[in-house]
Amino acid sequence: MLILEKNFKLRVFEIIEKGEEDDFLSRLFDYFIVSMIILNVLAIILESFYSVYLRYGYLFKSFEIISVAIFSLEYILRVWTADQKYKDKKKIFASILFIISPIALIDLFAILPFYLPMIIPFDLRFLRMLRITRLMRIFKLNRYSNALSLVGRVLKNKKEELIITISITFLLVLFASTLMYYIEQDVQPDVFPNIIAAFWWAVATLTTVGYGDVYPITVWGKILSGLIAVLGIGLVALPTGIISSGFMEELSQNNNQNDTVKSAKYCKHCGEKIND
Amino acid sequence: MLILEKNFKLRVFEIIEKGEEDDFLSRLFDYFIVSMIILNVLAIILESFYSVYLRYGYLFKSFEIISVAIFSLEYILRVWTADQKYKDKKKIFASILFIISPIALIDLFAILPFYLPMIIPFDLRFLRMLRITRLMRIFKLNRYSNALSLVGRVLKNKKEELIITISITFLLVLFASTLMYYIEQDVQPDVFPNIIAAFWWAVATLTTVGYGDVYPITVWGKILSGLIAVLGIGLVALPTGIISSGFMEELSQNNNQNDTVKSAKYCKHCGEKIND
Amino acid sequence: MLILEKNFKLRVFEIIEKGEEDDFLSRLFDYFIVSMIILNVLAIILESFYSVYLRYGYLFKSFEIISVAIFSLEYILRVWTADQKYKDKKKIFASILFIISPIALIDLFAILPFYLPMIIPFDLRFLRMLRITRLMRIFKLNRYSNALSLVGRVLKNKKEELIITISITFLLVLFASTLMYYIEQDVQPDVFPNIIAAFWWAVATLTTVGYGDVYPITVWGKILSGLIAVLGIGLVALPTGIISSGFMEELSQNNNQNDTVKSAKYCKHCGEKIND
Amino acid sequence: MLILEKNFKLRVFEIIEKGEEDDFLSRLFDYFIVSMIILNVLAIILESFYSVYLRYGYLFKSFEIISVAIFSLEYILRVWTADQKYKDKKKIFASILFIISPIALIDLFAILPFYLPMIIPFDLRFLRMLRITRLMRIFKLNRYSNALSLVGRVLKNKKEELIITISITFLLVLFASTLMYYIEQDVQPDVFPNIIAAFWWAVATLTTVGYGDVYPITVWGKILSGLIAVLGIGLVALPTGIISSGFMEELSQNNNQNDTVKSAKYCKHCGEKIND
C-alpha cells in the first residue's frame, strides 16, 4: 500500500513537473496548462473592455472559477509531491522549501486574489496576470534554453557594474530634480509643485521618453534639461557597453574552452604532448 | 525548332535575371526595371496628395496600367524561364518552386491589387508599395553584397538570444499594461479604458518613443512608468550587446582564419612544425 | 600631553574617515552619517510639498539646524585631522590641501547655504541636495569598489574619443539650429523666436527626447528634423561603440595577463622555454 | 626680386596655414581666426533675438562687414599661396585644386551670402553659420587628433554596413508610411493628408523621438506604430553593434601591431630568431 502510494506520487510528480520527451501524459499536461494560461491572459484582457464585460461577465466569472480550481489543484499536488523534488529532505521540509521558492510564491500570488476578497478589501485582481510568468518556463524546455541562460549569465556577471551605473544615475536624477524644482517652481508652480513632480520630469528626460506633459520653460531649466538629455545618452551607452563586454567575455570563454579541448594534441613528428 | 526555343528561353532568362557585367541587354533591362520601380514609388506618394490626384488622376491611372502590364509580363516570363533557374527540376515543378518562393510571392502581391478590386472589395492598393522590396535586390549586385550578407548572418546567428529578449519584453509589457490599467482606470477612464489601451502606453514608454497622448497621472502610475522607462534602456542595451557580440564573433572568426595561416607553431620537443 | 593629543587626533581621524572592518566606533559613525544624509534627502523632498511645509515647517527648520551643526562639526574635525591624511605635509598645508580637494568642496557647498542667506540674497537651498554625493562614497567601501573603478577607468581611457564626439555633435546642433531658425521663423515666429529656441528643439530631437513643445511644420523643417533625428541615432551609436570597446580593452588586458601566465612557448630551434 | 617674392609667399603660407609650434606669428594668426569665428557665431545667435537686433543692428552690420573683409582676404591669400600646398602642380592648377577642395568650398559658402544679395533674392544668411566648421580644424592641431582620426577611420571602415542598414531602414519607413496612410487617412484626414505626412510620423517613431504631433488612433495604426517603434530599437542596435565592432577591430589591429613589434625577439638559449 505504501509502495503503491509512493509510485502513484512519483507518477503524479512526473506528470506535473517537466518529464521526459516521450512521456505522453506529462506532455499533455504541459500543453493543457500552457493553453489554460494563454486563455486566462486573453480573458483578463477581454474582461477589461467594459462592453464585453457587461455582456459576458458571467462567462468570465465561470472561467475564472474553473481556472483557479485547476491552478489550486495543481498547486496542492506540487506541494504534496515536493518530496520527489527535494529527495534528500523530509516530507514536511520539502513542502516548506517548495512553498517559499520564488516560482511557487508567484504561482500562489496568481491564485490568491480569488480567495482574498473575502478577507482584504483591496483590488488585487491584477495579480492574476502573474500567471503569464509561467509562460517563461516554456523557454526552459527547448532550444532557447541555452540562449536564456546565456542572457541570464551575462546579466549576473555584470551585476555590479550595472548596479553602480543605476545608482549613480539615481543620485544624478535626484540632484537634477531638486535643481529643476528650485529653477521652475516660481514660473510653473502647477507643473513643478514639488520635487517628486520634478523627479517625474527627470526620469522622462533621462530615459529620452519625453512624454511632453512636463518640461521647463525658463532658460536655465532648458539648459539643465539639455544636459540631462545628453547624459541620458550616456545612460544608454554605459549599460550597453557593459552588457556588450559581458557577451564578448562569454564568447571568448567558449572559444578558449574550444581551444583547450582541441589543443590537447600530440606532435606528429616525435609523438610528445604539446601544451602541457 | 526545339533547340531554337531553348536558346531563346535561355537568352530571355539571362536578360530578366541578373546577367554578366558585359551583357548590354541584361543591364539595360535592370536599369529599366529599377527606373520603373522608382517612378512607381514616386507616383504612389504623389497620388496620395489629394490636389495632385484631382488634377492628374487620369495620368496616374494610365501609368499604373502600363506599370502593371510591364510587371505582369516580367512575372510571366520569370515563371516561364523558371526551369533555367532550377535546372535539375522538371518544367512544371520549377515554375511552382518559383511561384512559392518569397521573392516571387512579394512580386505577385505587388501587382495583384490591380486585378483584385474586381473580386475583393477591400482597399489593397497599399500593397503596390511592396514594389520597393525589389530595390533591395540592387544591393546584391555590387560591393554592398558582403556587408548585406554579414548583417544577415549576424542577425541569424543571434536569432535565439534576440527572440528570448523580445519574448521576455513582451511578457513584461503585458504585465505592466495590466498593472497600469488597474492603477489608472478610475482616474483616467478615457485614457485607459481597457488593457489594450494600456498596452499602447507600455510600448510607447518601453521603446522610449513617448508620444505624450497617453501617460499616467497618479503617483503609483508614474512610479510604474519610470520603472518601465528604465527597463526600456535595458531593452535597448540587451539586443545591442547581443548584436555587437555577433559582429565581433564574425570578426574574430575572420581573424582566426588569418591567424591559422600565420601561427605556424613548432613542437618544443623536436622543433618540427606543427599544423602543416 | 602632546603625544596624548596626537593619539586623540589619530583616533578621531580613524573614526571619521573610513576605518578598519572591526573598528566598532568607526562603523557606528559611518552608519550615523549615512542615516543623517538619507534623512536630509527625505526632508528636502518632503519640505518641497507646500502642504507638508505649512504644517511641519518648524520641524524641518529644527532638523536642518541639527544637520548643519553635525555636518559642520564633522567638516571642522576633518580639516583638523587633515595632517593624518596627508602625512608628509605640514599641518597648515594639509588643511589647505584638504579644503581645496573636490570632495571637501562639495561637502562645504552642501552646508554653506545655511550660513549664506545672511550674506547673499540668492536662493541657494538646492545646494543642500549636494549631500547625496556623499552616498557615492558608500560604494568605495564594499565589493562595488572594483566595478566603480572599472567604469571610471573606461570613461577616462576613452575621454578623448568621447569629447570629440560631443564636440562634433555640438557644432552640428549649432548649425542645425541656425538653419531651422531661418526655415521656420516666418511660419512659427512664436515657437522659433531666435536661434537659442531652435537650439532647444535641436537638443530635444538629437537626444530623441522629443517633448513635443517645439517641432517644425514646414516641409524643409521636417526634412531637417528627420535628418537630425537619424543623426541622433548615430549620437547614441558612437559613444556606445567607444565605451563598449573601452570595456573590452580592459577585459582583454586582464586576459592578456592571464595568457602570459599560460602561454609558455618554446623555441623551435633549441626547444627551450621562451618568456621565463 | 623673384626670389624675394617667393620667400614672402612661403612666409605668408606658413602663417595662414598651420605652422610650427614655435612660429609666433603663425600661432597668433590661428588664435585671431578662431576668435573671429567664435565672435561671428555669437553675433549670429545674438542677432536672431529681435529686440537685440533692433537696438544694435548697425553694430552687427559693421561687425559682419569687417568679418567678411578679413575672411575674404584670408581666402584670397590662401588661393594665392595654393602652389605652396600642392608643390608639384603649376600655379594656376594649384589654385583651382584648392578652390574645389571641400574645405575651401565651405569657406567660400560662408562668405558668399554677403556678396550674393546683390544678385540672388534668396535669404542665404544661414550659410554664415558654416564658419563654425572651421572650428573643427582646431582638433587637428592637438592631442585630439588621434581620437578624431580613429573615429573617422571606424566610420569609413564600416561605411558599407552602415549604408546597408540605413537603406533597409529607408525602404521600411517608406513601406510603413504608405501602410499607415491607408490605415489612418479616413479617420484622421487632417493628420495624415498624404504619404509624406505619414513619413514624418514614421521617422519620428523609428528614431523614438515621438514629438506627439502625429500618432495613430485606430487599432491597426497603433499595432503598426508599436511594430515600428520596436524595429526602431533594432535601428539603434544594428549601427551600434557595427560601430562597436569597428572600434574593436581598430583595437585588435593596434594590439597585433604591438605584438608584431615586440615579438621580433630572439631565443636567449640559442640566439636564433623566433617567429620568422
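Going in written order, the chains are labelled A, B, C and D, and every chain counts its residues from 1.
By our rule, contacts are C-beta pairs under 8 Å (C-beta built on N, C-alpha and C of every residue); 3 or more make two chains touch, one makes a residue touch a chain.
Just so you know, these numbers come straight off a predicted model, no measurement behind them.
Set against one another, B-C and B-D show the most C-beta pairs in contact at B-D. Copies subunit A and subunit C of the same sequence differ in orientation by 90 degrees, per CA superposition (steps of 5). Distance from subunit D peaks, on a Cα-centroid basis, for A. Note that among the pairs B-C, A-C or A-D, A-C reproduces the A-B interface, with over half of its contact pairs the same by residue number. In this structure subunit C contacts its sequence twin subunit D using mostly different residue numbers, the overlap staying below half. The distance from the centre of subunit B to the centre of subunit D, with each centre set as the mean of the Cα atoms, comes to 31 Å. Averaged Cα coordinates give subunit B a centre that lies 43 Å from the centre of subunit C.
Residue positions 196, 208-212, 236, 240, 242, 244, 248 of subunit A are each in touch with at least two other chains. Subunit C makes touch with subunit B in their complex at residues 208, 210-212, 240, 244, 265-271, 273. For subunit A in complex with subunit B, the residues that touch the partner chain are 41, 44-45, 48-50, 123, 125-126, 129-130, 132-133, 135-136, 139, 143-144, 146-148, 150-151, 154, 166, 196, 199-200, 203-204, 207-213, 235-236, 239-240, 242-244, 246-248, 250-251, 255, 265, 267-270, 272, 274. Residue ranges of subunit C in contact with subunit D, taken from their complex: 160-161, 163-165, 167-168, 171, 174-175, 178-179, 181-182, 185, 193-196, 205, 208-212, 215, 219, 222, 225-226, 229-230, 232-234, 236-238, 240-242, 244-245, 248-249, 252, 267-270, 272, 274.
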